[in-house]
Amino acid sequence: MAVAALSPVWRRLRRNWLSIGALALIALMALAAALAHWVAPYEPDDTDAAAALAVPNIHHWLGTDIYGRDLLSRIIHAGQVDLTVALGATALALVIGCSVGVVAGLYRGIVDLVIMRCVDSVMAFPAFILAMAITAALGNSVTNVLIAIAITQIPNYLRLIRSEIFRIREMEYADAARVVGNPAWRLMFIHLLPNALPPIIVQGTLAMGYALLTMAALSFIGLGIQPPQSEWGSMTAEGAQYIVTGEWWLFLFPGLAIVLMVLSFNLIGDSLRDFLDPRMRGVR
Amino acid sequence: MAFLAYFLRRLSLVIPTLVGVTFITFTLTYVLPGNPAVVKAGPLVSPEVVKELEKQMGLDQPAWVQYGRYIGGILHGDLGESSSTGRPVLEDFKQRLPATLELTLASLLIAMALGVPLGVQSAVHRDTAIDHIGRIVGVAGVAMPTFWTGLLALYVFFYLLGVAPAPLGRLGPGIEPPHAITRLYVVDSLLTGNWRALGSALHQLMLPSLTLGLSVMAPIARMVRSTMLEILESDYIKAAWAAGIPRRRVIYGDALANAMIPVITILGIVFGFLMAGNAVVESVFAWPGIGNYAIVALMTKDSGPIQSFVLFVALLYVTVNFVIDLLYGLIDPRIRLE
Amino acid sequence: MTDLPVIEVRDVSVRFATDRGDVHAVDGASFAVRPGEILGLVGESGSGKSVTATAILGLLRRPGRLTSGSIVLGGRELTTLGQQELQKIRGVEVALISQTPRTALNPLITVGQQVARLFTIHSGLGKAEARRRAIEMLTLVGIPEPERRARQYAHQFSGGMCQRVMIAMALAASPRLLIADEPTTGLDVSTAARILDLLRELCGKTGASILLITHDLGVVAQTCHRVAVMHAGQVVEVAPVRALFAHPAHPYTRALVHSIPRTDRTVAMEPIPGSVPSLLNVAPGCRYAGRCPWVEARCWAGKPGMTEIAPDHHVACFAVENGRAAAA
Amino acid sequence: MGGKTDRRVFLKLSTSAAALGAFGALPAQAQTGSTLTVAWDSDIDSLDPHVFKSVGGYAVECNIYDSVIGWKVQPVDGKPGFSIAHPSEFEGGVVEAWSFENDGKTVVLKVRPNMKFASGHPVDGAALKYSLDRALLSPGYMRFVMPRILQISKAEDIVLRDPMTVVINMKGATPQPMVLNLLALMNVTVMDPELVKPNATEKDPWAADWAKRNVAGSGPYTLTTNTPGVEVVLDARKDHWTGTAAFQKVVFKFVPNEADRVLLLKRKAIDMVVGRPGLSPRSIKQFENDKNFNVFTAPDTVCNWLAMNQTKKPLDNVKVRQAINYAIPVAAIVPNVLLGYGAQMKSPLPALMPGFDGGLSPYKYDLDKAKALMKESGVATPVTLDLAVRIGWQPHEEAAVWIQRELEKIGFKINITRQTDATFRQLASKGDMQLSIETWQSWVNDPFFHLVPLFHSTSKGTNTAFYSNPALDKLLDENYHEPDANKRLAAAKQAQKMLLDDAVWGLLWNDNWTRVVRKGVTGIAKRWDTFDHFAAMKNG
């Protein structure tokens, strides 16, 4: 059913070459990261004193760092961490947000009230600041960054699902179906899924970009992901030290990797929204 | 009277949120690794000194007692102490807040000054080159991490072109701060006619505020564009066109005025972005504000400043959104009068 | 009725570009409004009435565009004017009363200011003078306590009151032509009647002509001097009101007239068969062909021209040209 | 490579040109004769000299307080304007003369006459007695160190003999240089009791809260402003016993980023960089041939070593530790990472420390030997270990990569982890590290003062190897206060032998002490506690 709902999406996307490009870029990066061991021209930790701080050249397309490590290889390997955490955080937030949202929507009353007050409190923090505080509290690790980002994202899905449930409850056919004897949960899923799925897909796509940015910013300021898991944000931070001596490639390319990935996710998310959001349909 | 009711209704929603906020910040501190007593005492003291301090700081009490103390402290303006400056956090905050405010306001100004016209033009010239450029700028602006844009700006404008000053705080070397009135250097130097300080303050402010401003320009432009599109299709704008109201007046008067109401509501969100961006941008440009303070504290596991920063930002964020809600009520006659 | 018309619309076509091709919203429409006259422009929704009005005001926006025709207002060709000049004409020589009075007023500006600013813009009056004139206008359109009401906002006005304000605004610069686009939609019957009376009365006083756009033949019968009937973007019949109701010539007009519930007739309403044809990538012929009981082969191939079948009574129909009207 | 060098020179030129462009219009503060502008990266966490927390406060205290006794500095040949302290050479400070009585059990301190605190109050014996009491008893680092070295525990052990004389009655004789080195630390300085006492409370008898943020010194400068995160300003006193400092004003600019410190120096917006380390070797190197700057560098007592936590397998195996020592490419690290600003470490004692013996260590880079030892150890390879370094400690980060590569050749898989200083310390003292690169400097230049915290089994938090050897403990305990200098040095040598045999540390290097100073500024001096005394500096 979900697949069927998405097939027009696919048709729409295919017409939008920009989104295709974005999708291809993400696929390329994901594939390269997954197969980093085979794809990357060098091992990420291979040092070469003779080629230290080399400008981008034919052997090292994106140059090398102070140890002569190949920047391109390190960026590709870093993609593993970046994309995994972004995907993991988004998935975790989606699952928890939707489940709790269903609970809030179904039980209403006091349960809903408590849940929504918690949501309000979480949303009272700018997301990045909260992610920062949570990471600081839990300690630096990939898992903790993932959890921190997920927590800041949960309210989005929760509210989305909850309002969708409230909307369905209001609808007459839901009443009719109840009279016919469909159990409440079945009813929910029959009606909820097709209605709530599109906005959740849009939200999830955009959240991938957000998660990448947050994670990069966290490790840029020294929180979050620590080497040996090289990560684009911390690589940018390392590279920043070499601006003064003119080794621009060290900060530029890891940052560019972030920009390209986030841009791709946002472009896809935007196209999906244009298509899936009925208010925007046919605008262009 | 109607407005008072509106005010009270809004306020009643804010208070539970605030309680929730303090609860979250307390919980985060409670699980924050590192013994605050050890941090306070320094690494080179004997265990009994640490024990003494723990008792003094109430760390041996149960969690709920500590929470009570925490709330009491907040209400008395006691946010704890920074181990790296040895001063009460509140005092450090007071010293650094003007820097952050100056940067935030400048960025907001830049974001509005660029974002609003861009959004208006994109809407008015929908689906033309301007709109497409605006869209690209918007999407790209959101996708670029502020630390990276900041570094890029530094590299290009400071290291390569030399038109920007070294990223070393609010004033160039050798420039005395203007007489303190608001403690926003740009404002104070204007008020006191201190042109040398004004020039230096603006020069120093240039790159960080542009970096931060551009990062939040996109959502503003986007919001302005979409509300403008909606409003340009509205009956009263059509009526205004038909009534022969001059074009500029219709777009920048009638339409924009109405579009600004929803835009004001997203200023709250924009403010959140700015506070988050502040922390990162301040650290890139060595800007002596509270964001930089918090990041240094994170590095040194200085729990007082971290939790206070998080709490402070949340309180500020809630307050700003509350004020925006009120503002919304004041501006829109439909709410003000009903 | 031999004066030069206030406005003459000749062979106007408007198309809207879409993903799937051009929508031919108005196709060769021609009609004229004479001085002091109320011309009704009737047709089902989507028949291109409002688009025609928009074209007259020079407010067509992408993806819509005027593909042919001329619009002459007071002897001046409008289709070749730039936006700058058009802006000086709008509100001054031709004004619009929209079909949604409640939403056609800016919610953030007081009603008084909205009227007053027209005086400052169009007549160059000072603030105080403009305000005085605005209150005068509000009084004229029958708004009670105009001083107080002028300080209020649109949301504090009822629909009928809003429409009165709209009329005040439209008449502020004493235009020659008033385009009233479904001015009584959404108003209750008695309010609607009062608004129409007001319109008629004020135009009588000021000498303005009215192009009254409506789908309601009843309104036409009560208010207008002449009627132009539009179907699917084409003007199919133009006639004086009496002639039209007495001797509707075009098959579509006949169907329309017969569908009016009338107290003096006991025959049941005849619904118009078929539906408005799609205006997307249309065939060259008569657009009523698909619904027409008198359809002939040539109706599909070419568009019938306007023929004067009685004094001042014009019809575009091959069948009528051939004398079918008489038979009917 | 030639091409690369050219490019870097070009970029360097272009950046300094850019710098000139940006600041051409502004007068460079550093040029004004009577102000010295320095950059550093610390905030002052505490101004209380007796409570030592971090170097931020200490660097300032060195100029607003006077030490009880001073380290005498001697000019360095061929480096005009630069002096260094030599072991066991002292000069007067607050105390004009000192002597030992009662078989070395009693220290007699004669306070310098006519000395005044910045407040105008006189410095006398009572003030010194009060300050020594406070150092001994207030909650801080000295409360930990003084009893250990001086064998005293209570205020009664410090006696005011006459208004200008204070004696310290120690439980037993103590090696005199160690006592004097302790008294030369700024941590044992004199505070103005008239300022401190009124701020004491029942809960806080030594006014620790007050002293944290207030100054009660007798030093050549006074603290004018302290704006954390921005700057600290010191002003010279007119009535200091050494005369008025040539630099009337000293401004500490807070510049957290090393790259920015380098740039500020290059454009001469600052006169020098202070703090530890302040500048990394790579940055220092850029100034080596710059005619606008002097690079003053001298060997120092900072030890950098590969810490091997013996509570983690297989680091408990002595053969493994020896193998690691044979695999460390120190000979490559010193030129490539330190760029010459340091020397290979040959013993757990720094080369400048009394008792050091550079001939004891058998270790040199020898992979065959290392592999053989690994085989002997019976440990199954590959062994995966984490190697932790502090973020931003450039030489450590770079050395870690060198070490990683060599250790992987003898059967290890090394993951380098970077930690913030705070986390690093926490993990190290909890024993959660496996391998890490550690650093230590003993400001009291004495082998036993040095060895006890690093290797004694009772030293928690600083013995990061978690080394425990009863024989060594006994040796250290018995000789800590040994008055016979020769016997003591022999014991120190024995201790070094034991530590080297057990391969407790992976020996790396001793850093040089280095300052990059604007040409024309003289009076730079290296003392055992590393921090600059600005009163002795001047232009020309």
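Order as written gives the chain letters A, B, C and D; numbering starts at 1 within each chain.
We adopt the following convention: a contact is a pair of C-beta atoms (placed from the backbone, for glycine too) under 8 Å apart; a residue touches a chain by one contact, two chains touch by 3 or more.
These figures come from a predicted structure and were not determined experimentally.
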For chain A and chain C, the contact-path distance works out to 2
Select, from B-D and B-C, the pair of chains that is joined by more C-beta pairs in contact.
B-D
Specify the chain with the shortest distance from its C-alpha centroid to the centroid of every protein C-alpha atom present.
B
Select the chain at the greatest separation from chain D, using centres from the mean of Cα atoms.
C
Distance from the CA centroid of chain B to that of chain D, rounded to the nearest Å?
40
Distance from the mean Cα position of chain C to that of chain B, given in whole angstrom
53
Centre to centre, by mean C-alpha position, how many angstrom separate chain A and chain D?
46
For chain A and chain B, let me know how many angstrom lie between their CA-based centres, rounded off.
24
Which residue numbers or ranges of chain A touch two or more of the other chains?
222, 240, 243-244, 246
Do you know which chain B residues sit against two or more other chains?
33, 127, 159, 298-299
Multi-chain contact residues (two or more partners), chain C:
none
Taking all chains into account, which pairs touch?
A-B, A-D, B-C, B-D
List the residues on chain D that touch chain A in their complex, please.
1, 4, 7-8, 11-12, 14-15, 258-260, 262-263, 286, 336, 391, 398, 401-402, 404-405, 415-420, 423
State the interface residues of chain B toward chain A in the complex, per the touch definition above.
13, 16-21, 23-25, 28-29, 31-33, 127, 139-140, 142-148, 151-152, 154-155, 159, 272-273, 275-277, 279-280, 283-284, 294-295, 298-299, 306-307, 309-310, 313-314, 317-318
Which bits of chain C are touching chain B when the two form their complex?
57, 59, 62, 83, 87-92, 95-96, 98, 100, 103-109, 117-118, 121-122, 153-156, 166, 169-170, 173, 179
Taking the touch rule as given, give the residues of chain A at its contact with chain D in the complex, in rising order.
45, 47, 49-50, 53-55, 66-67, 140, 222, 226-228, 240-246
Chain B-facing residues of chain D, complex:
14-15, 17-23, 26-29, 37, 43-47, 51-54, 56-57, 139-141, 143-144, 212-213, 227-230, 253-257, 260, 263-264, 267, 269-270, 391, 420-423, 425-426, 429, 461
